[in-house]
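Here is the structure we will look at.
For clarity, chains are labelled A, B and C in written order, and residue numbers in each chain start from 1.
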Amino acid sequence: MTITMAELALALDARLWGDGAQKVTGAAEAGQAVDGQVSLATTPAYAERLAPGSIAIVAEGMDPDAYGLKAAVLVQRPRVAMASLTRAFDRGLELAPGIHPTAVIDPSAEIGDGAAIGPFVVIGARVRIGSGAQIASHVSIGRDTVIGRDLLAHPGARIAHEVTIGDRVIVHPGCSIGADGFSFVTPEKSGVEEIRETLGERRAIREQHWTRIHSLGGVEIGDDVEIGANTTIDRGTIRATRVGRGTKIDNQVQVGHNCIIGEDVMLCGLVGIAGSARIGNRVVLGGQVGVSDNIFVGDDVIAGGATKIFTNAPAGRVLLGSPAVKMETHVEAQKNIRRLPRLYAQVAELRETVKKLMEKRPDDGSNTKDRSEG
Amino acid sequence: MTITMAELALALDARLWGDGAQKVTGAAEAGQAVDGQVSLATTPAYAERLAPGSIAIVAEGMDPDAYGLKAAVLVQRPRVAMASLTRAFDRGLELAPGIHPTAVIDPSAEIGDGAAIGPFVVIGARVRIGSGAQIASHVSIGRDTVIGRDLLAHPGARIAHEVTIGDRVIVHPGCSIGADGFSFVTPEKSGVEEIRETLGERRAIREQHWTRIHSLGGVEIGDDVEIGANTTIDRGTIRATRVGRGTKIDNQVQVGHNCIIGEDVMLCGLVGIAGSARIGNRVVLGGQVGVSDNIFVGDDVIAGGATKIFTNAPAGRVLLGSPAVKMETHVEAQKNIRRLPRLYAQVAELRETVKKLMEKRPDDGSNTKDRSEG
Amino acid sequence: MTITMAELALALDARLWGDGAQKVTGAAEAGQAVDGQVSLATTPAYAERLAPGSIAIVAEGMDPDAYGLKAAVLVQRPRVAMASLTRAFDRGLELAPGIHPTAVIDPSAEIGDGAAIGPFVVIGARVRIGSGAQIASHVSIGRDTVIGRDLLAHPGARIAHEVTIGDRVIVHPGCSIGADGFSFVTPEKSGVEEIRETLGERRAIREQHWTRIHSLGGVEIGDDVEIGANTTIDRGTIRATRVGRGTKIDNQVQVGHNCIIGEDVMLCGLVGIAGSARIGNRVVLGGQVGVSDNIFVGDDVIAGGATKIFTNAPAGRVLLGSPAVKMETHVEAQKNIRRLPRLYAQVAELRETVKKLMEKRPDDGSNTKDRSEG
């Protein structure tokens, strides 16, 4: 794709500086652009790497003249501009239109117009997929699953049976939507149940086996959801596990059975959410965050990386640590732990001083009294 | 499947109340049941959502009459009933019987009676699989692997070469059984080895490359094991990595090479067990628990979510925290950390008081002596 | 493969003891060897299990005569010997040479000599692969990707489009190289951006959706890299995500978009590295370690299991804990936390003693003064 800098400025809703007729074929990091590529240099540090005579995207407030540019697009909010820019130049998978002859599609499945379906795709009985689906190689979609329009399924994504997926959903390689929940029961109370009741004390340990609870519920994924590579979202037991509209899920996230994830949520890499937890709207969980089963995380909660949430979290709270506490409590606790060596020294010194104070008062009547009582 | 409430009560070994002839076609959460579905309402909170005239499963001790039900099954231990109920109504993958024409099966492989093998399955040389195998699309099974009867392999599961798997094993999408262990050595001592010996001190840092130790051992999986989506169990170096009978493994669990996992163990999502660790029988590890390499976790240990086990754990212990300690020690430590601000205030006040006590005793001979010595 | 003990000693660059003509067909753990297998017994504990009359590999300094062996190979550094030994006996996947008829290879792709490509492999347009590639079943390689010689790709590995991979790279089942980065922006500032600026305080919460930043950069993988099962390495935004020569990555590791990983690095299972982090050369990160986005971890850093690195780490540092601190600081902090109950008792006792000291001095002028002021 080739556009002009003037067209780029228009597309990014940004201000043009210099020669608007300069041609743009792609984008690159400042200092790495080759002929035709527009350099991204929205901070002074990056701008220092710009070659004189090149073309660049810089932030409003920066001076294109100072870098000797031929043309520049000045953006207000660089990351927002990045969204438009990268969308414009993304060539994607370039799947061939139509259905690859090796794909195995059940005759009862309904595929919408404009689909591109790659080699070795398997689509089960009674599946319904909306228009514009792009389904790469090796994807499998189980029986009775219903998917909206403009699905983008990367190679090897696994969508199970009886799953419902909205419009414009993106699923990445190796993700699993709708595998069985991890739900077992022992004929008698298990050690875990006992500990929950007694808070740690265990009575006689009994040898017993795990009996499987099957997963009859499916998974419901809202519109505009994105699901990362090798992420797993298990099906519910009786009703569906749910992921709300607009939620973005990174790679290797685990969402347990029966969970209800809100809208516009962001779950970063390696997050684990145990069964039946409920996550509010616009929640952001950093990498490797954990959420215990059956708890509730309120709207707009933000948890930093590696936070472990064991108990309900009220709306709007910013959490850190393991166990998770309010950000400021965590920062204070860390500071208090770092200062402990000084505290130990102070207390040792105090003990010494007080000991001397006690020793040096043999004439104190009350001390004498203590001795006679002791 | 349609049964009567009387038949359901019989199947669940539970007590019938009301009209046993009512028909059941499925199950649903209380408040979401449609015609023919039996509602699950084993707590009063759920029972409040029951529609009058509906049919339900409730817990013994609850009063079906109070909810205006037509019929009810009263169960002693609701989660045990759930196991029977969900098994009865689970339609599963509905794989077509027989071997799909696209499957690539080595002529030397032996497949037992009653197999259902889906599209694009690959089965290697000399593989032996027992009767009743259900193998969904895109599964691969490497050469010389031996599997018992009633295997259920979900789409895209990866079973490598020279693996041994028992009867009634379930493997979920994208799991990997028998990939190479992560085992490397440097020609001279590596930084890690040095630190283990010196407890933190590092001598000169040498530039050197990692040399691979290959994995000749396979993996041995016992009967009735379940392995979650995208879970990975690496093959052993010289002998097999082992997972004992009845053990259940959730999604995205990592079991390193040479590990020995006991029987009836439960490993929750995102658990990581490093190489050569041994896990006893009936151990339960919560989500995101970590176990260091080469250590031993005794029978019946229970570790809460995100516990990190760096040292051997005796049988029966309940662990929490990072590093893992006894549950009560962890709870006490957390309380002690929370109380630190008060402790700091108390010590500051004490210092002030003692300082005053010292200052106010100019006539103290020992103080005078201190001064003259100072 | 059958060799003699004399040949084995030669291959391992080690010393032969006893009958060099003894035949070796494989290797086994001490106590589990069957006829023809050489036992590994490089510690006295293992050597005790050796059967008299058997053949073994022992460590220099041990006495083969004491165990009644027929022949032994005495090695200087057992783990180094393991590398040679296991390589010699590894039969690997035994892929059939040539290209399986079911593989779908774009006519514009170039495959080097000596390739073995399994069933249901998909290779995209303009892909170039060097000589000696072994590509197992179900692997997909996206358009315009370039791979060096001697690739070993295990079943179901996912290599995306526009990825560059060096020589002798090994990719394990289900890994994903080059999926889209997890990069989103909100039209206005998001809660996360606000917290980063205000360190915890949140102003009005606005409802807004995530806009996608596409990933135009690919991934560049150096020579001799190994990538574990179900590991994910995302593509960069504008330039490539990079993994340096000789780096070894275990299972279920997540490497975010734009990361730069150095050479000879070792990343253990379940490590998560957030976007744009830079990891130096020879860094070793233990299992479940986390690294925050945009930070720098210097050369030769070693982080123990479950360490969470939130800030830049200088070269050579040994890290532990969450948040990560120097190993000795962490050990000290843990000790200080364990000792807190004693500290609380000491302070309580001090308070009691000082209180008594204060009470027992009614004749102290300053105390009298305090009272009159109070």
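Everything below uses one rule, namely that a residue touches a chain if its C-beta (ideal position, glycine included) is under 8 Å from a C-beta of that chain, and two chains touch if they have at least 3 such contacts.
These numbers were taken from a predicted model, which means no experiment stands behind them.
Enquirer: Take each protein chain as a node, join two nodes whenever their chains touch, and name the resulting shape: line, ring, star, complete or other.
Expert: complete
Enquirer: Can you check whether chain A and chain C touch via the same residue numbers (shared by over half) or via different ones?
Expert: Since fewer than half of the residue numbers are used by both chains, the interface counts as different.
Enquirer: Per the centroid of Cα atoms for each chain, what is the distance between chain A and chain C, given in Å?
Expert: Computed value for the inter-centroid distance: 21 Å.
Enquirer: Find every residue in chain C that makes contact with two or more other chains and list them.
Expert: 102, 120, 138, 156, 174, 230, 252, 270, 288, 322, 337, 343, 347, 350, 354, 357
Enquirer: In their shared complex, at which residues does chain C touch chain B?
Expert: The contact residues of chain C facing chain B are 26-29, 32, 40, 77, 79-80, 82-83, 86-87, 89-91, 93-94, 100, 102, 118-120, 136-138, 154-156, 170, 172-174, 224, 226, 228-230, 246, 248, 250-252, 264, 266, 268-270, 281-282, 284, 286-288, 299-300, 302, 305-306, 316, 318, 322, 327-328, 331, 334, 337-338, 340-341, 343-344, 347, 350-351, 354, 357-358, 364-367.
Enquirer: Which of the residues in chain C end up touching chain A in this complex?
Expert: Residues in contact with chain A: 102, 104, 120, 122, 124-125, 138, 140, 142-143, 156, 158, 160-161, 174, 176, 179-180, 182, 184-185, 187, 190-192, 195, 200, 202, 205, 207-216, 230, 232, 234, 237-239, 252, 254, 256, 270, 272, 274, 288, 290, 292, 308, 310, 322-323, 332-333, 336-337, 339, 343, 346-347, 350, 353-354, 356-357, 360.
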